[in-house]
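Paired with subunit B in one complex and with subunit C in the other, subunit A is shared by the two complexes that follow.
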Partner chain A sequence: MGIVSPGFHGRRRGAGVKLPPGQYLTEDFPVLSAGPTPRIRPEDWEFTVTTETGQEHRWSWRELLDLPGETPTVDIHCVTKWSKLGTSWEGVSLDTLLADVDTAADYALVHSYGGYTTNLPLEDLLDGQAWIAYRFDGEDLAPEHGGPARLLVPHLYFWKSAKWVRGIRLMDEDEPGFWETAGYHDYGDPWREQRYQGD
Partner chain B sequence: MARAAVPGRLSWRVARLTDTRAETATARTLVFDVPGWPGHLAGQHVDVRLTADDGYSTQRSYSIAAPADGDRVELTVQDVPDGEVSSYLTEGLSVGDPVEIRGPVGGWFVWRPADTAPVLLVAGGSGVVPLMAMARARRQAGSRTPFRLVYSVRTPADRYYAAELRRPDPGLDVAYVYTRAVPEGSSRPPGRLAVADLNSGGWPADFAPDCFVCGPTGFVETAADILLSLGHDARKIKTERFGPTGG
Partner chain C sequence: MIDDYEDGNALAGPLSEIFTFDVTTADTRCAGCGRTGPVAGLRVYTHAPGLVARCPGCEEVVLRVVRTPTAAWLDLRGSVALRIPLAPA
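So, the complex of A and B:
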């Protein structure tokens, strides 16, 4: 137990709800980004998966929407401490997108319009754990929340769910992304409170 | 690619309140003594953890308001309505009381005295805190890098650090944008940040300034969009957004 601050009792919002350590419940959907919001027209959008051998697989916006969609309802946890429960999304599972991709890679580096990157093990993108999401709460995904499409990988801290996603590079070696280079944890499991390097 | 060396774990440290200053009716600067503090860069933040006597604890992130100075860590906390942590920090905490602090955190939204590009700071409300740390770091280092601060607040009474920003600080220009009520004699009517404010209060894009924008989401979206429309390079615009919550 930490040092007690005299007279602090707390409001204990969400008492009875199981949250990852150090998180608090919010009903809002705060925005965090390191720079200006890129504005990408759907007709200009494309998504590319590049394998460790350099083989490329591309989808246009229309091709993405033509793939079978899923409607996951998931809890999301931001490293800045807020958690939001039961968020509803629509998107295409990475299992679908990677079904015909021939790879033996262990790692993925996700790239966004605007230059953002984030890394994670490839296995964390598979088995129903990750989507390319284009709708939130029944509406098209707003630009400040990553629209037209973002990665959704809710079992990791939300910075891994890259906004404005444009591609994924599959690699044999791990390579740190934007926040991972700036002191944040390489993996980012909220239930193990892996916020910063060394956690 | 070679991996960066992984530094040790950021540990929780006991921070004792040594001094407080009212900035506005609802915001207070808290000065903590944190033995063993490793130092920080202007713009970084800390995690604050409060623990109740039954073991319940909660954490929030706060920007550091002043540059590194030994074991001293200064935060400015805005009391938000129904704020679980901010209300305790601004009203419940007394000099000598402990909280726990972990950090510094964030290696992106930072200004280093060795940086030489002109700097534009764009603050919305309490978003001025990490930007003030940059302006103070500039002064502390005796840097001659020219700074401009465009600071949007609702009314004159909502300004943080008003007396300090009134004092002459050669090389730091300050322009206020009042959204609800202006001081007497002001030529600009109250209104939200607009192109003209950043055109006249900022730097020409040709000067390739480093732009730091901090405030609520809507404000940051607007300011960053204006800077892009004025020709600034997206890569030179660093943003930090304060969500509607934060408590």
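So, the complex of A and C:
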């Protein structure tokens, strides 16, 4: 049981909510960035999935929007310790994008416009756990938040939810990404507080 | 949104834990484009899980520092070499 009694009325939204260890609640949406913000026109945007055998699957912006969209409402947890609850997104499930992709790979390396990368097990992209998101809070996704489209994989620390997503490479072997090669945890489960290597 | 970076002097404090000299006075050569200049002239992105210093010429990453509770991680892959001024031997 939490420190706030269940019968308490009139509490602030989020008060008494259980956060992952070491996190604090924020209402705004901090912008974190490891480099300049890429500006990608939708007509130039494309998303590519490359399998371990080198097979490529491509979607243009129009083709992405033509796929069935979903509207997940999720909590997000940044490794810099802020958490934001009940965020509303619109995007295409990775289950939809990967439905016709023939692969036996265990790992995925996500890459972005601007050069960012992050890695995760392929199974963490499936079963309703991940989306290519193009709207946030009812608006087109702003460039500083990763627009035109970003990965959304909210059950891991938010550095895994790559902004400006450009593609995913499916691989037999795990390959660490941008922060994972500089001391951050390979998996990054906020509920197990996997911030750094060795956590 | 204007890209939110600081100059390389933002590295002075965090790197003073690792180096005995002021690293911002060293010259570095970008592995991406070959541009050479003082570390103080790099563009440092600080609103991130670590410090990311980029070349003002080509925007490639020259240097990264992550401070964990028990270690510092320093990535110099984007730097061909650091020239560190020293007193004559």
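Heads up, the rule we're going with is that the second predicted complex is superposed on the first by the 184 of 199 C-alpha atoms of A that agree within 3 Å, B and C clash if a C-alpha of one lies under 4 Å from a C-alpha of the other, contacts with A are read in each partner's own complex, and residues count from 1 in each chain.
Throughout what follows, a residue touches a chain if its C-beta (ideal position, glycine included) is under 8 Å from a C-beta of that chain, and two chains touch if they have at least 3 such contacts.
No experiment lies behind these values; they were computed from the predicted model shown.
Novice: Is A:E175 touching anything from subunit B or subunit C once the two structures are fitted on A? First, second, both or neither.
Specialist: first
Novice: Which partner chains sit in contact with A:T37 here, subunit B, subunit C, both or neither? Use first/second/both/neither.
Specialist: A:T37 contacts both subunit B and subunit C.
Novice: Please work out whether A:W159 is in contact with subunit B alone, subunit C alone, both, or neither, and reply first, second, both or neither.
Specialist: second
Novice: A:K81 contacts which: subunit B (first), subunit C (second), both, neither?
Specialist: After superposing on A, A:K81 lies in contact with subunit B but is clear of subunit C.
Novice: Going by the touch definition up top, name the partner, subunit B or subunit C, that contacts more of subunit A.
Specialist: Partner with more touched residues of subunit A: B.
Novice: One more residue to check, A:G128. First (subunit B), second (subunit C), both or neither?
Specialist: neither
Novice: Just which bits of subunit A does subunit B share with subunit C as contact spots?
Specialist: 30-37, 80, 115, 144, 179, 181-183, 195-197
Novice: Taking the complex as given, what residues does subunit A use to touch subunit B?
Specialist: 1-13, 22, 24, 26-28, 30-38, 80-82, 114-115, 144, 173-176, 178-179, 181-183, 195-199
Novice: Along subunit C, where are the residues that touch subunit A in the complex?
Specialist: Subunit C reaches subunit A through residues 1, 3-5, 45, 47-50, 52, 54, 59-61, 64, 66, 68-69, 71, 73, 75.
Novice: For a test of understanding, state which residues of subunit A touch subunit C in their complex under the given definition.
Specialist: Those in contact with subunit C are residues 30-37, 79-80, 115, 142-144, 159, 179, 181-184, 195-197.
Novice: Spell out the residues on subunit B that touch subunit A in their complex, using ranges where they run on.
Specialist: Touch list, subunit B to subunit A: 1, 3-4, 6-10, 12, 14, 47, 49-53, 55-61, 82, 84, 88, 92-94, 97-100, 105-109, 217, 221, 224-225, 227-228, 234-235, 237-239, 241, 243-245, 247.
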